[in-house]
Amino acid sequence: MGSEPVLIFSKQVKKSQKNFIPKMDLEEVSLENILPKEYQRADLNIPEIPEIEIVRHYIGLSKKNYGVDNGIYPLGSCTMKYNPKINEVIARLPGFANIHPLQTKNEGALTLIFEMAKLLGKITGMDGFTMQPAAGAHGELTGLFIMKKYFENKNLNKTKIIIPDSAHGTNPASAAIAGFSIIELESNESGEVPIDQLEFAMEEGDVAGIMLTNPNTLGVFDSQILEITRIVHKYGGLCYYDGANLNPVLGICRPGDMGFDIVHLNLHKTFSTPHGGGGPGSGPVGVKEELIHFLPEPCLISTHSGIYCRENSHTSIGYIKAFWGNFGIIVRAYAYIIALGAEGLKRVGQISVLNANYLRVLLKSKYNLPYDRTCFHEFILTDKKIPNGVTTEDIAKRILDYGFYAPTIYFPLIVSGAMMIEPTETETKTSLDQFCDVLITIYKEAESTPELLKKAPINTPIGRLDAVLAARKPVLKE
Amino acid sequence: MEFIPHDDQTIIEMLRVIGVENINDLFRDIPKDLLIESLGLPTGLSEPDLSKKMKQLSELNHVYDSSFLGAGCYFHYIPSLVDFIINRSEFYTSYTPYQAEASQGYLQAIYEYQTIISRLTKMDIANASMYDGSTALAEAIIMASGVRQKTTILIIEGIHPEYINVIKTYCWGHGLNYKILRIEDLNLELSDDIAAVAFQSPNFFGEIQNIEKLVEKVRLKSPSCLIIQVMTDPTCLGLLKPPGDLDIDIFVAEGQSFGIPPSFGGPGLGIFTVKQKYLRKIPGRLVGKTKELFGDQEGFILTLQAREQHIRREKASSNICTNQALCSLSALVYLLSVGKSGLEEIAKQNFLKSNFLKKNLAKIPGYEIKSKNPTYNEFVIKCPNIDALIDECEKVNIMPPLKLTYYYPEMKNLALVCVTELNSFESIKVFLKAANTAINIGGVKDGF
Amino acid sequence: MVEFSGFLMPVQYDSIIKEHNSVRNNAGIFDISHMGEFMLEGKDVIPFLQYIMINDLKLLEPSKGQYSIMCYENGTVVDDLVYYEENPERFRMIVNAGNIEKDFKWLNDHISGKNVKITNLSDKRCRIAFQGPNSDDLLQRLINIDLTKLNRFYFSHCDLNGVPIFIARTGYTGERGFEISFEYKYAEKVWNDLTRLGATPAGLGARDSLRLEACYSLYGHEISDKITPIEAGLNWLVKPKEGIDYIGKSVLMKQKKEGPSRILVGLNLIDKGIMRDNNKIYKGSEEIGFITSGGFSPTLDKTIGLGLVKTRFSEIGTDVEIEIRNKLLKGKIVAIPFYRNV
Amino acid sequence: MDYNILDNLKYTQTHEWVKIEGMNAITGISDYAQHQLGDIVYIELPNIGETIEKGSSAGEIESVKAVGEFLMPLTGKVIQINNLLSENPEIVNQSPYDKGWLIKIEILNLKEENDLVSADEYKNIIEREDK
């Protein structure tokens, strides 16, 4: 008989908890007189649970979870670096946490947003930034809206976007939401954009531009990048930079200089804001001079008498989110950037690449390395050389048994059985060595006791789960 | 500051292992003329210097004793355990729970969130969250047009103006048409070509709509059209009839009221719920219950991922990836902390306190209630001298209500006043006093 | 199977009534390969035909067909037939099975120096009728032209699932439908493709009951070398053709002007029984004519017949008696056609 | 890897199979397609009565890690769908040619049948793809 997880709802008691309700200090009037009965709710099925039970329940659950604070988190393209604690303290200052987006005494907030935009401009080599987008994919959508508006303004009908097959899934998805159709570009054997294919695609005429991640998801920096942006521009297209992988080139080189017209960043990756188990994030978008007036509202400008909201410009794409973006996240990232300064940021780029290459070299002896060259922040291994039919999934699950988190697996789609490893700059050599040892051990296990891997994980709170059952008979609530 | 653990010796060792002289050799793939010397930013700061600088910056924002401002972002009490729990490193420093076996804690929490939201709204399915209320509404509209294969959306006046602006952008970008109309004119526009009708209740002006009548109207003229309700302060669900009881197809809301600080409007929480029949069309992540592959123990896992961008790519139901997980955890813990009776009490206090202020403001000469329908915790009042009222509020350090001219230039002398459970009888009296003084300053300006 | 002028022909595939009804309600296929097919070519084809046919070719145009009759000098009928103008110097002609040799000889005997060459394609090609209210919708699934653009009596050359065919919107059932002709070697393929469409194979039995309801003349019955077209109620076919002489013209024009002494009428039998051709028709004691065709009508669910009667008794509604197996049964003269849906 | 390819069926380049019965055809996805997708978790089929052009999407087949589109092998009118699949999509994995059929159509353009490929031609196609 299978054991069922204990859900919080089972901790229900009869006694109602009113600890968090201020005293009702004005005379009770009966609701009915002011609120028609048919507007009122009949029943409310929410449990009453003693505070201590709630705390115990979630502390208990937290023990069944794994974060960067528990150990190395080598998820490729996710940049799971350490999240400085000071930033959490700062974000909770009343002057940041308890201010209302519509209050007029907000100089500090506007200054922070404005300064942050300037900092990001310097870091990426762009001329203007919006801090509105709530996440990377939201940034992509914003950037694509800007492209759309740009061509609309020129009365040009550009309906297609070029996206390499190594791209994150959000790229094509965002392009589709923005009403573009996609031309998928097959990466060449060295993992770079095939120049001739690109030129061929651009010649079609109705191409708005290209979305690129550089270094790409293979950890490869496209050495042809200047040629790529030149060609796209030659045909009147725009170049979009997916900043998911900015970390390794931080302070080393800048998308703006590579010829990109639009970039989005992931503050929750490159700039250390906690990922929170899937969010909240923040996906600021930067553009070159000629695109600034397309940036979404609200858009800040500084004048001699202070920082103001730009008057609604007619060329702007409009609003993409209410209020001021994910301000709380912007505060943390801002603190991170000014804390590190120019030198610190450059070290981030350098060391993240150092750590990745260190791991790459240590692991290539045992694991198949489809792109065997100096990598940037991440590199890819596959299960090709693994004996006894042990798969990438088996290896990933087995890593969990050793108390580490697994790499990104089966991505990018163009490498079969891919394991995408990004250690980030904040890992010590010791933890890199330990992670490496684990992977080597697992390789040996694959040779000696493959069944062990097939059954993995066994040391986790629960064994390997049946994803098929979950999708065939979805149970999404209690 | 720097969060890099290696000393120079270690770096040299590692470089040797890699087989390069110095760190710059690792960047050879980058064209020479792209390399930069420095970003030209100020030098870094130590933690004490950083906190000092940030504290000063935060103090340039005024923090008030109490607030009468809402308009889409609300001050409610946040139980201490909310922050305590979401600050557990295992939660807030984790990534999206792709490796289920090492993420059972978070996956179960999201499953519990989906459950409690679906109980609160009485909708069949709740997803793991969207960015915020405004984008949730935009995604709902895109979803509806996809389900119906139609491109026209009817938007009923009274939706938060910033939400309407977001919809406008998404519709333009996605190639949809929208019409903004008065609820009275709905019949004229309804037809089988409409993909969805979207409305807010309680609406931006605090008014509770007669949803039963509205739904009946739509079902009559356009049976298969989707009905979308949006809400900016779902604490009212402790008192008001939930969307699930009103035949709503898609219900979305801003969940900031549930244990999330205002923090200048974000991060918030996009609550997204649908009827069962739209399960396969819902955007965003879903956590499902399943069993072990080699055992009988039940556990949780991200499911129905084939809808999502990392698999369906350009055909995905949405492009969303990162969501607002930690905020949904706050909402979950908040709802559990206050519990049934607590939420009912909170809703009742919001309602009674704001209606108390409404009633008494109306007694002051020159003030006139503009909201016709019953209101929840916000209402519109015409003031004899709105600027004077705002000055008076500032004097006594209470956050003044919203001047509606901020969004609607024609709505002169109209204020949108918000009262929550946090406004004590004391603070309400202070506000009434301020309102009283304000009439004697300057002449009564003429409204619209 | 019965022998029908040299061909072994199924009288029925299933039950005649079932076949009949499926043509009225859906579609039926008739193998009419026993009929004759000639090709007339040459500069003088049109004058030639104008001289032989009673109908007027001025009403014809390329890719259109025309129903007509060839008469003897005395105005009685050699045969009735349809010809199609491929172009002014090339006509395709479909004639009755029993008359192929006779017609071929008759035509050749009258060429008399005109530039006309006649080829008998009857054995080289197959002919199939595809008839019924659904025939358009079904046939379209095999044909590479838009059938809605093919009007009644017009024809085209097109491709039927790979087979080159001649197709005309004509028929002999009183339903919308088509008649096609194609090279012999494709017979089996075409037949299988057509039956796949869900159309019912129908035999001579159904063909006769259908044409009888629609009151289409059958040679040897309503028309023959003893009956003129005018008597057979086909005087609309007898055209003045100003300035053109054609065989039988003088007799026919005279008869058309004065009116025939006997005329074809439709009859219902009131008593039980079935009328057959050559049954005598009486009014009181006077024999007024005879039945040319008779039988049971599945569509109307009663016995119907055609007969030649003295013109003065041809009034619709006239009560008559018909002698069937030495019994006089009550009948009535009724309007014709009994049924048509084209 | 060899797959079960039935000789009595016709196939498409996009891995649908067709069984022609008079004016109607039963269709589904090939054993190869079912293998490529892996464990099928959900199948979306068109409505009865819908007329769908050859080559355009007539449904979607989801597995945990992939989504496949079911492309109409012949222009036709949907006259029947396999209702078992809504509750038990795995049937397509277990029996792609028999119990796992997807839809039954009335063929509206018999000429298109010539575009379908024979079992042998289809075997070559998947051999090429498998590499």
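First chain written, first letter: the chains are A, B, C and D, and each begins at residue 1.
Everything below uses one rule, namely that a contact is a pair of C-beta atoms (placed from the backbone, for glycine too) under 8 Å apart; a residue touches a chain by one contact, two chains touch by 3 or more.
Quick caveat, the model's predicted, so the values are computed rather than measured.
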Length of the shortest touching-chain route, chain B through to chain C: 2
Middle chain, criterion being Cα centroid separation: D
Pair of chains ranked first by number of touching C-beta pairs: A-B
Averaged-CA centre spacing for the pair chain D and chain B, given as whole angstrom: 44
Distance between chain centroids, defined by C-alpha means - chain A, chain B (Å): 20
Length of the line joining the C-alpha centres of chain A and chain D, rounded to whole Å: 38
Chain C-chain D separation of Cα centroids, rounded to whole Å: 48
Junction residues of chain A - those touching two or more other chains: 467, 471
Sites on chain D at which at least two other chains make contact: 41-42, 62, 64-65
Multi-chain contact residues (two or more partners), chain B: 304-306, 311-312, 315
Contact graph of the chains (line, ring, star, complete, other): other
Pairs of chains, among all present, that meet the touch criterion: A-B, A-D, B-D, C-D
Residues of chain A that touch chain D when the two form their complex: 410, 467-468, 471-472
Residue ranges of chain C touching chain D (in the complex, touch as defined): 141-142, 144, 161-162, 193, 196-198
Chain D residues within the chain A interface of the complex: 39, 41-42, 62, 64-65, 89-90
Residues on chain B engaged by chain D in the complex (per definition of touch): 280, 304-306, 311-312, 315
Residue numbers on chain D that touch chain C, as the complex places them: 22-23, 107-111, 114
